[in-house]
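Data block below; observations after.
We just call them A, B, C and D in the order they show up, numbering each chain from 1.
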Amino acid sequence: MSKFVNDPKQFVPEMLKGIALANPDALRYVPAYNLIMRADAPSDDKVSIIQGSGSGHEPAHVMVVGKGMLDAACPGDVFSAPPVDYVYETTKLLKSEKGVLYLVNNYTGDRLAFEMAAEMAEADGIRVRTLVIDDDVAVSGSTHTVGRRGVAGNFFVMKAVGAAAECGDDLDALVALGARVNGVTRTMGVALSSCTPPAKGAPLFQIAADEMEVGIGIHGEPGRRRAKQVTANEVVSLLLDAVVSDLPFQAGDRVALMINGLGGTPIGELYVLYGAAHEQLASQGIQVARSYVGEYCTSLEMAGASLTLVRLDDELMDLLLAPAEIPYRVF
Amino acid sequence: MSKFVNDPKQFVPEMLKGIALANPDALRYVPAYNLIMRADAPSDDKVSIIQGSGSGHEPAHVMVVGKGMLDAACPGDVFSAPPVDYVYETTKLLKSEKGVLYLVNNYTGDRLAFEMAAEMAEADGIRVRTLVIDDDVAVSGSTHTVGRRGVAGNFFVMKAVGAAAECGDDLDALVALGARVNGVTRTMGVALSSCTPPAKGAPLFQIAADEMEVGIGIHGEPGRRRAKQVTANEVVSLLLDAVVSDLPFQAGDRVALMINGLGGTPIGELYVLYGAAHEQLASQGIQVARSYVGEYCTSLEMAGASLTLVRLDDELMDLLLAPAEIPYRVF
Amino acid sequence: MEHSSLPAVELIVRTIAETAIANEEYFCQLDAVVGDGDFGYSLARGFEKVLEDFANFDRSSIGAFLRKAGLVIASRAGGTTGPLWGTAFLRAGAAAGNRQALSPQDVVALLRAAVEGIRQRGGASLGEKTLLDALAPAIDRLEADLAGGVSDGGVQALANAARVAEQAAEATSSMIALRGRASYTGERSIGSPDAGAVAVGVIANRISAAWRDFRAQRSEQS
Amino acid sequence: MEHSSLPAVELIVRTIAETAIANEEYFCQLDAVVGDGDFGYSLARGFEKVLEDFANFDRSSIGAFLRKAGLVIASRAGGTTGPLWGTAFLRAGAAAGNRQALSPQDVVALLRAAVEGIRQRGGASLGEKTLLDALAPAIDRLEADLAGGVSDGGVQALANAARVAEQAAEATSSMIALRGRASYTGERSIGSPDAGAVAVGVIANRISAAWRDFRAQRSEQS
């Protein structure tokens, strides 16, 4: 296992400690609940936004806590939804007069944990609303009773509601906004390799060196099909076909285009994908008005990428451009 | 080869095209010379700063062109210094009354290319000065006639001289500043895996799954020794021992600490290293005043990390905190 | 199993916990085939905490005891497992109420309440390749065996129920997963049993053995 | 090799170029052992461009022709190779000046100028495991063989020089690399020959063969 790790069971806490040490003024770390929160939260003038999910998707979500994004993140172990307790205790610590907004990626474990925590928090008199994010077009069809997964597109929901919350928007407005963003956001990913959770010590699934998993989930869940690897341009075509036809995006649309690395793919390759996607979209009359290339929602060290499109309007563009300050930064 | 690539020989141009498409207003791309330059450069009120090196180290250097950082980057192929021509033509396009500053990582190929280009540009009446960066402590001792390598620490030189150039500092002042930053910057890296240049299609070197290369270079060059993998805390100890003792850094120093990913290591692991390094430094009385965790100078998809320390003073801190706008960004 | 008292309930809970911990890796492996490989981990973390706090659990009634176990599981186990298994114990506790002993019918009612909790919380129906597909038929069998009255304290009935659970778990192999992370594998989930269902089988088997030993000791002593 | 004229120089340059391109992968592999594996790639890209522009090179003199080749190599080949090989051709061109033909002594002087250019540009001394360690002894041998005059137009002298280059390249195996990317391998570079030196040997060998054929054709024709 070629990883920087001490005791694998302490991987998540040690990562969180590192984040806290790197951001002593901006963040507070509560080890008992894997909680990373803004040092200046909660405030009764602002809805508290909480996201939680399994770990291993960094920078999502523990590295995007800060002004204009999340107020807190309470991750579970690698690829495991957080225990109810973490969510409940986090909710109590982030309690605000304006209410608490849960952003939940649509996975059974996450939904159940937040649902139970919400019941408990509401019993304490805390106002909670939950927004479920499900941007992954790979999962579709009638057999999927669990619905679509939430993947890299959750960045846009966090960014938009984070910016709006900073302006003082109330809980219901934020839920409506988040639902609107989720409604115009679509993603599909492709994996070129597997990944190894530290505590497991072995790859999550097997994939041959010349194969790819089309429609991969961010926990190594299978997607639509296993196929032979193809060129970067062809990868972009098949991702775009699935994503564009789903909403559908149409000629004349202005979009944000995200090429998200899954953890092991260098950013140079992501830009090769970006260039191809930008041009293929242009040829369909879809204009990329804002670009995001890098790692936003990963699967440990998995080689692969996902492509997200968001249909923009002026309000959404403003929210995306609003300033934000988080641990995940260059300078 | 699990990579997103079309024709491997077109890997670098396609990456550059992607960068240009993602930043249509800020950047200009000149395919003939692999050139990425600020759209608003050159200006006779500002020294033009050019960096060039092999590709495969992204975001260095093509993704850090912009206000407050580089004015242009002209990379060679993957892990290969740029041809003289690229550097020379770039220099002509970036010609400024205030002069042109070359930032060159200390590798023979890069030095020779910039040296020949400088001779040619000076013959054209362009004022050029060159600053060689050599922060890697792995390479030392009397046998190394080529001197130390320039690695991730070059970020701090670019950031500092980039900020100072934006304030109108003249060429000599920038060279002096850059030399000063380089003089207080030290780095060492460790690799847990090899990497595969697209045009080569096979790993650059062989390393067993339980081994690490201590003191790795950013082109897969060997370091100090091959060893069995150890815990994250032990990795930090041995990197810090080498880096701290070299300058040496001392109790009472305020430093910037960078944990740089080499391309294939997820940021969660980098924060595990960061936490350990921060604490080990604190126990030596060295205070981390500014942190950088992420990818700054990579080796394609190599699993591994480097640790950089910079001794700070107030002027340098201000330069690091000065705003900058580059393609490599989160929002 | 004429009238199960708190010591009997403690034994069952402890046996579940020890089995979960002992099989952490096996259960993870099963989940890795069609799911995401964390089931054994989540289950073990939850029940580890149960054993850790065991001595201090509220023992004022069987219901209080089971509710406490449920809270600990829900609070400590991540994934889908924490909420589902936590809810199961909480509901069983609620069904037991402040009883100090359970009749065979109480035991069945308590198990039915647990199943109903899982069903409500997770929204799954039978045949969707979840632990319900092992749990429900095993309880059916137990109810049938206990209905006519038993002479051995339920030893044979539990053994039968465990066998049904194991067989039913095995039979989930032919199902297509429609719930949890495994559902993303779609058709590919066919051919491997559901991790949660197998866990129910393994645990039922251990409970059956533990109960047999427990009864044997009691009759020696008496 | 009494008096080499432009066609002879063209043949040599073309042979170097074709050999570099044909051995791209082999030279990369050699560089990968102790260096960073790009030597063959850089060399091939440079000489590809030489062949591409070949027809349009300035042919007003041997010096002009060689300088043009040097410029193209320096401008197109990356790595250390571009500046070093480019400089070598530029210096050889400068030494040739506007001559239309070269005496054997001119050829040696031109090669010495190339070596001196590499030495100045790269700062390497003999014994530091670079291409100089094959090139310098081969030129020494060529100079010695040509000194007494030759009757076969230099065919045998070139063959001898090529053999010396190959042997010297082989002998770099025991050296420790002190220049270029290979120097970072330190002690580990011992046991494998230097890529640049091997390339010089291979190229010298191909030049020797090409020259023999060229002379044979000429004598048939005459």
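Going forward, a contact is a pair of C-beta atoms (placed from the backbone, for glycine too) under 8 Å apart; a residue touches a chain by one contact, two chains touch by 3 or more.
Because the structure is predicted, anything quoted here is derived from the model rather than measured.
**Q** Using mean CA coordinates as chain centres, what's the chain B-chain D distance in Å?
**A** 34
**Q** Hey, how far is the Cα centre of chain C from the one of chain D, in Å?
**A** Centre-to-centre distance between chain C and chain D: 78 Å.
**Q** What is the distance, in whole Å, between the centres of chain A and chain B, each centre taken as the mean of its C-alpha atoms?
**A** So the centre of chain A lies 29 Å away from the centre of chain B.
**Q** So the centre of each chain is just the mean of its C-alpha atoms; given that, what is the distance between chain A and chain D in Å?
**A** Going by mean C-alpha positions, chain A sits 56 Å from chain D.
**Q** Based on the touch definition given at the start, go ahead and assign the chain network to line, ring, star, complete or other.
**A** If you draw each chain as a dot and join those that touch, you get an open line.
**Q** For this structure, enumerate the chain pairs that meet the touch criterion.
**A** Those chain pairs satisfying the definition are A-B, A-C, B-D.
**Q** Applying the document's contact rule, which stretches of chain A touch chain B when the two form their complex?
**A** Per the touch definition, chain A meets chain B at residues 1-6, 11, 14-19, 21-23, 55-56, 58-59, 63, 159, 192-193, 209, 212, 229, 231-233, 235, 263-276, 278-279, 288, 291, 293-295, 298, 300-301, 303, 305, 320-321, 323-324, 326-331.
**Q** Of all residues in chain D, which touch chain B in the complex?
**A** So the residues of chain D touching chain B come out as 28, 32, 35-38, 41-42, 45-46, 74-84, 86-87, 121-123, 128, 176, 178-181, 183-186, 188.
**Q** Taking the touch rule as given, give the residues of chain B at its contact with chain D in the complex, in rising order.
**A** 54, 76-85, 88, 107-109, 112-113, 115-116, 139, 143-146, 149, 197, 199-200, 204-205, 217, 219-223
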